[in-house]
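Note that chain A is present in both complexes that follow, paired respectively with chain B and with chain C.
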Partner chain A sequence: MDFMVFQYPMISVQACLDGILLGILFALIAYGMALQWGVMNIINIAQGDLVILGGYIAYFMYLYGIHPAWGVIVSPIIMYFVGIAIYKLVINKVVDRDLFISILATFGISILFMQLMNFAFGADVVLANSDYGTTMLFNNNVVLPNSKIFSAFISILFAICLVIYMKKSKLGRAIRATAQNARAAKILGVDTEKVYAATFGINAALCGVAGALISITFTIHPYMGLPYTIRSFMIVIVAGLGNLPGVAMSGMGLGVFEEFADYILGTEFRIGSVFLLLVLILVYRRFKLSRKREYLK
Partner chain B sequence: MNKNNLILYSGILIFGLAAPFLFPAFKVQLSILCVLIVLATTWNIQGGEMGYNSFGNILFYGLGMYLCASVQVGMFFPLAEWTESGGEKTFVHTPAQFFQGMAVGLIVAAVVPTIVAGLIGYSILGLRGHYFAICTLGLGVAAGEISGGIEIIGAGQGFTTPPFPEVGSLDSRGEFFYFLSFFVLVLTFIAVKGIYTTRFKLILNAIRDNEDKAEAMGIETMKYKIIGWMISAFFCGLAGGIMGGLVGYIDSTDVAFDGREMGVFMVLMAILGGKGTLWGPIIGATVFHIFKEGFWTFFLGWQYVALGVLIVVIVIYFPEGIMGWLREKFPERFGEVVDEKDRKAQVELK
Partner chain C sequence: MRLNKIILSFVSALVILFSTSVVSFAKVVGDKIILGAAISLTGKYSSNGVHTQNGYNMAVDRINSMGGVKVGGKTYKFDIIYYDDESNPKRAAQLAERLISQDGVEFMLGPYSSGLTKAIAPVTEKYGVPMVEANGASRSLFTKGYKYLFAVLAPANLYLDVAIDLAVEKNNGKGVTVAMAFEQDAFSQDVRLGVLDAIKRTGSKKVIDDKLPKELNDMAATLVKVKQMKPDVLVVSGHTKGALTAIRQISEMKVDVPMLAMTHCDAAKLSKQHGKNSQYALCASQWHKTLTYKDDFFKDGMTYDADFTKEFGYAPPYQAAESSAALLVFKDAFERANSFDQKKVRDALAATNMQTFYGNIKFAEGGQNVDKPMVLFQVMCDDAGKCENKVVAPTKWASAKLIHPIPSWSKR
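Then we have the complex of A and B:
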C-alpha cells in the first residue's frame, strides 16, 4: 500500500486528469456496448477483443511508416466490415435467443480472436508511438502526454458525430425505432435484419476507433480484451441504456477510480480491482432493488 | 433401481476401476477426465437445474487448488520459504507427510469453498440471468488477478505443489491420482443422483422455471439457491485440490482461476451433453475431453482457435446438447408418452 497519493496533492491531480482522459475512452467503448445491448439485446463479451484488434490495425500502420493517428480513420472502416462479418456468421443466429446464449457465443468469439491475434501479432506488449510530446502543467508537477489529450478529443468528436448521426439520419432513426420496439418497426417497414447488422458494424467501428487510440496512448496485447469488456459492461449498468451523459460521467469516474487504485494498491491489483468493483456495484444495486422486492433486469 | 441399471452401473464401476491397467499410457488423461466430469456435473446443479448460469465456479475450483497445496506444504514446512524457493527441493515430504497433508488439504479444499459460497451466496444469488453470469465471471477473474499479487502463495511466479514421494513403482503416482479422482467422481455421482431423486431437485427446477411463482408458492428460494451453490462449491473445491496435485504447478491465472479455459469448459461440457440431465454433463465431458485432446494433439498451436470455433458451433447449433437431441429422437426411451397421431401431424406440418 502506498499512500503517497494523499501526501502530495499533485499526484492526486495527475491521477484525476489521467483518469478522466482514460475514462473518456472507456465511455466510447461503453457507448458501443449500450448501443448493441439496447438494439439487439446482446451482451458482447468479444467487445474488448474488437478494441484490441482495432489497436493492432493502427499499430501495423505505424510499423509500415504511416503515422498511427491515421488509424483513427482506417481502423473503424476495417472494423465496420469485421463487425458485419461477425454479425452475418454468428450474431444473427443468437439475436432472438436467450441472453446467456449470446454471452457464451461471444465468449467463443473472444477466445477465437484472442488466439488469432496471438498468432498473427505475437504475444508482446506493443504500442504505436505517435511522437506527440508532453504537456507540463502546474509548475511541471503534472505531466500529460499530448497523445492522451488527442485521444480524448477524438473520442468526444466521434461520440458527437455518432449522436448527430443517430438523431438525423434515416438509418439512425431506424436503429432507434428498432431499439424501442423491434416488432412495430418491422411492421412499419424497417428491415430489422439490416438494422441489426449496421448496429453491430457501428459498434465494431467504435471499438476500432477506441482501439487505435489505445494503441497510441497506452499499450495493447492480445489477451487484454476482457478487462475492456468488463469496464464497458460496468459503465453501461451504472449509467443505464441510452443515457449518453451518464455513460460519459461513469466512464470518467471509472477512469479516476482505476488511476487511484493503481497508486494506492499497486499496479498488480489494477485489473483485479476493476473486476471487484463490478461485483460490488452489482451487489449494491441488487440490495437496493431487493428492498422493493425487485431485481436487476 | 431396476436390473438393467444395476448392470449398467456395475459395468461402469468395473471399467473405471480397471481403466488405469487397461490404458496405462492414459492415466493422467483419465484422471483429468474424472475431474472434468465432476466439474460439469456440479456446474449442472446450479446451471442446468437451477437456471443460474455461473462462470464463477472456477472461483471454488481455484480456491480449492490453492488451499489444498498450501495446507499440504504449510502443515510441515514454512509456506513462505517454500514458495520463495520455487521448484527447488529445499524441503522434501516423507510419504507419510505427503498423504497426511493431502488428506487434510482435500478436506480444507472442500470445506472452505463451501463456506465461501454460503457467505457470498446471499449477495450474488440475488442477481438474475445475465447479471449473475457476468458478476460471477468478474468474481472468477478478480480472484485470479488478486491471487496473482499475493506473495505467500507464489504471486506471479506460481506455486509448486509437493512432488509425489517415492513409494512403490514408477506408476504409483498416476494410479494414486487416478483412483483419488475416480473416487471423488463416484462420490459426486452418488451425491448428485441422490439429490436428483429428492424434493430439492424439484425446488431447483421450480426456481429455474419461474422464480417469482416458486416464491409465491412458499418456497424460500434464496435458501435453496445458496444450498445448491454450496453443493457445487464443495465438489469444485475437491476437484481443484486433486487437479493441483495432478498438475504439480499452480499459476494464478493459467491453472487455478482459469476463467477463460476451465471456467468456460465446465459450462460448455454441460451444454454439450445437455443441461438439466443427470447423464448429460457426463457424456458431454467425455466427448469434450476426447475432442479437446484430439485438437491438442493434431492441431498443436491452433487448439484455442479450434476451441473458440467449437464453442460458437455448440452454442448456436446444439443448445439442447446430446441428451436433448436423443430426447427428441427417441422420446419413448425417456419415459415420455407420445401420441402417434400427434407425431404424424407434426411431421406433416414440417
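Then we have the complex of A and C:
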C-alpha cells in the first residue's frame, strides 16, 4: 500500500485527469458493446481483439509514412466491413440463440483473431508515434500527453456523431426499434437481418477508432485485447444498455478507479482491481435482483 | 468389407511410414548428429523464437560447411529436428518428451525464454539428455542442481547490476537512489534481485519498487512517482513492451532522470520505433557486435553481424548470436568427449572453457556461464536523428563514453 497519491495533491489531480481521459476512450469501446448487446443480445468477447486489429491498421499507415491520426478515419471504415463479414460468417447463425452460445462463438472468434494477428503481424509489441507533444498544467506539476487529450476528444466526437445518427437517420431508427422489440420491428417492415449486420459493423467501426487511438496513446500487441473486453463489459454492466451518459460516466469512473488502484495498490494490481470490481458489482447486482424477486413473490 | 480393407491398408501404411521415420530420427545416423529443439515459432514469443532458430541454423550451416564435427576419427554433420512449442510451457515439455522418447534425440538445444526452458529442463534431466540452451537466463534455472543443463548466457541477475555500479562510480563512489519498475515474470524478477544485491553492495537506496503487470501498456503512475522522488537511476525491465512503454511515456511526460537503464532495448528496436526519444537510454545486452571476442567459425562480432544480415535480411539481435554460440559449444564438447555417450558429452560440456565470437564460455556448477560479463550500451543519436547503440560499459569493451547525467527534456 502506498498513499503517496494523497500526500501530494498534485498526484491526485494527475491521477484524476489521466483516469478521465482514459475512461472516455474505454467508454467508446463500451458503447459499441452496449449497442450490439442491446440490439442483438450478444456479448462480444472479441471486442478487445477488434480494437487491437483497428490499432494495427493505424500502425501500418504509420509504417508507410502516413500520420497515424488518419487511422481514426481509415480504421473504422475497414473495420466496418470486417464487422459485416464476421456477422455474415458467424454471428447471424447464433444471433437468435441462447446468450451462452453467442459468448462461446465470440470467444472462438477472439482466439482466432489473436492467432491470426500474431501470424500476420508478428508477436512484437508495436506503437505509432504521433509526436503530439505534452501539455503541462499547474506549474508543470501535472503532465498530460497531448495524444491522450486527442484520443479523448476524438472519442467524444465519434460518440456525439453516433448519437445524432441513431436519432436522425433511418437506419438509426431501425436499430433502435429492433433493440426495443425485434419482432414488432420485423412486422412493421424493418429488415432486422440488415439491422443486425449494420449494428455489428458499427460496433466494429467504433472498435477501429478506439484501436487507432490506442496505437497512438499506448502500445498494441496481438494478445492485448482481453483487458479491453473486460473493461467494456464492466462499464456496460454498471451503466446498463442504451444509456450513453451512463456509459460515459461509468467509463470515466472506471478510468479514475484504475489510476487510483495503480497508485495505491501498485501497477501489478491495476487490471486485477478491475476484475475484482467486476465481481463485486455482479454480486451486488445479483443481491439486489434476488431481493426484488422475493418482493415480487 | 471392402471399406474395412481400405481403412486397414491405410492405417498400416501410416504405421509403416511413422515407424521408418522414427528410425531415421535416431540420435546419430550415418554421418549426422541429430539435435532436438522445441522452439516458439508461433505464439507470443514467435519473433524471438525465429531469431533463435535462425541463430541455430546459421551455426549448423557454418559448422557443417567448415568440416563438421570430428569424433573417433570420423566426420559428422549437425542436423536439428524442430518442433513448434506455440510459446506454451506445457507444450514445450510434451515436445521435449516426444523428441527424446519417440524421436530418439539424445542431445537437445534450448527453447526461447526462461519460462519454457524451465518447463523443458526437468524432462531432459530425467532422461539424462545434455541440453545447451541460449535463451533462458532466469537464476532459478541454475539453483535447482540440474546436471545436464548448460547455458551460454549470463544469468538474469547480472543484467542490470552493472548500471547501478556505473551510477555509483559517477557519483564518486557514494550510494545513489534507485527507482525500480519490474514486470512480474521469472526473468524480470531475477533482474530485480540482481539490482537489489547491487543496491545493498554499494550502500544505495531504493526509493520506488513497482511491479508491472503482464498486460502492461501504461506506467504513468510509476513515472509520476519518479518525477516526485527524483531518483538518480531509473531501472525498468518488462520485456519489449516495458522498454517501449517506458520510452514513450518518459518522453511524453518529460520525466528527467540522470540515468535510465533497461533490458530488451534491441529486441524492442527502440531506436527504430522511438528515434530520438530513446536517446541516452542504457540497455543491458548479452552481446554486441563491436565486442572483440573471436573464434574460427564466425571470426568476430562484426563478421557475424554482416554474415547474418546477408543471410536473413536483418541485423542479428543477441538472441540469435547466443543461439549460434550454443552449437559451437556442442561441437567443442563432442570433439573433446570423442564419443556420443551422453555422460561423457555431459562431462565434456561441464569442462568447457573456450572463446566464441559471442564471448568466453565456462560453466559454473549450476550450468550458467560465468566467464562472460553483460555489456551496457547507450542509445546515441546524431543531429539527423539517426540512432545507434554504443557500448559504454564495462570499460574494457567500451566504444563510446557514457553520457551522464542525461540532459533534461527542456534542454533537448
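By definition in this document, the second predicted complex is superposed on the first by the 293 of 297 C-alpha atoms of A that agree within 3 Å, B and C clash if a C-alpha of one lies under 4 Å from a C-alpha of the other, contacts with A are read in each partner's own complex, and residues count from 1 in each chain.
One rule holds for everything that comes next: contacts are C-beta pairs under 8 Å (C-beta built on N, C-alpha and C of every residue); 3 or more make two chains touch, one makes a residue touch a chain.
Treat the numbers as computed from the prediction; the structure is a model and nothing was measured.
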### Query
What is the contact status of A:Asn243 with respect to chain B (first) and chain C (second): first, second, both, or neither?
neither
### Query
Does chain B (first) or chain C (second) touch A:Ala123, or do both, or does neither?
second
### Message
For A:Gly266 in the superposed arrangement: first (chain B), second (chain C), both or neither?
### Response
both
### Message
Which partner chains sit in contact with A:Val283 here, chain B, chain C, both or neither? Use first/second/both/neither.
### Response
first
### Task
With the two complexes superposed on chain A, say which partner A:Ile43 touches: chain B (first), chain C (second), both, or neither.
first
### Query
Thinking of the overlay built on chain A, is A:Asn92 touched by chain B (first), by chain C (second), by both, or by neither?
neither
### Task
Considering only the touch criterion stated at the top, classify A:Gln115 as touching first (chain B), second (chain C), both, or neither.
both
### chain C-contacting residues of chain A that also contact chain B
115, 119, 226, 266, 268-269, 271-272
### Query
Which positions of chain A touch chain B when the two form their complex?
43, 90, 93-94, 97, 99-101, 103-105, 107-116, 119, 226, 230, 233, 237, 266, 268-269, 271-272, 275-276, 278-279, 282-283, 286-287, 290, 295-297
### Query
Within the complex, which stretch of chain A touches chain C?
4, 8, 11, 14-15, 18, 22, 115, 118-119, 122-127, 129, 134, 136, 143, 145, 147, 218-219, 221-224, 226-227, 259, 262-263, 266-272
### Query
What residues on chain B touch chain A, complex-wise?
53, 123-124, 126-131, 133-135, 137-139, 141-142, 144-146, 148-149, 155-156, 260, 264, 267-268, 271, 301-302, 304-305, 307-312, 315-316, 319
### Message
Under the definition above, what is the set of chain C residues touching chain A in their complex?
### Response
42-48, 87, 181, 184, 210-213, 215-222, 224-225, 227-228, 239-241, 244-245, 248-249, 252-254, 268-269, 273-275, 277
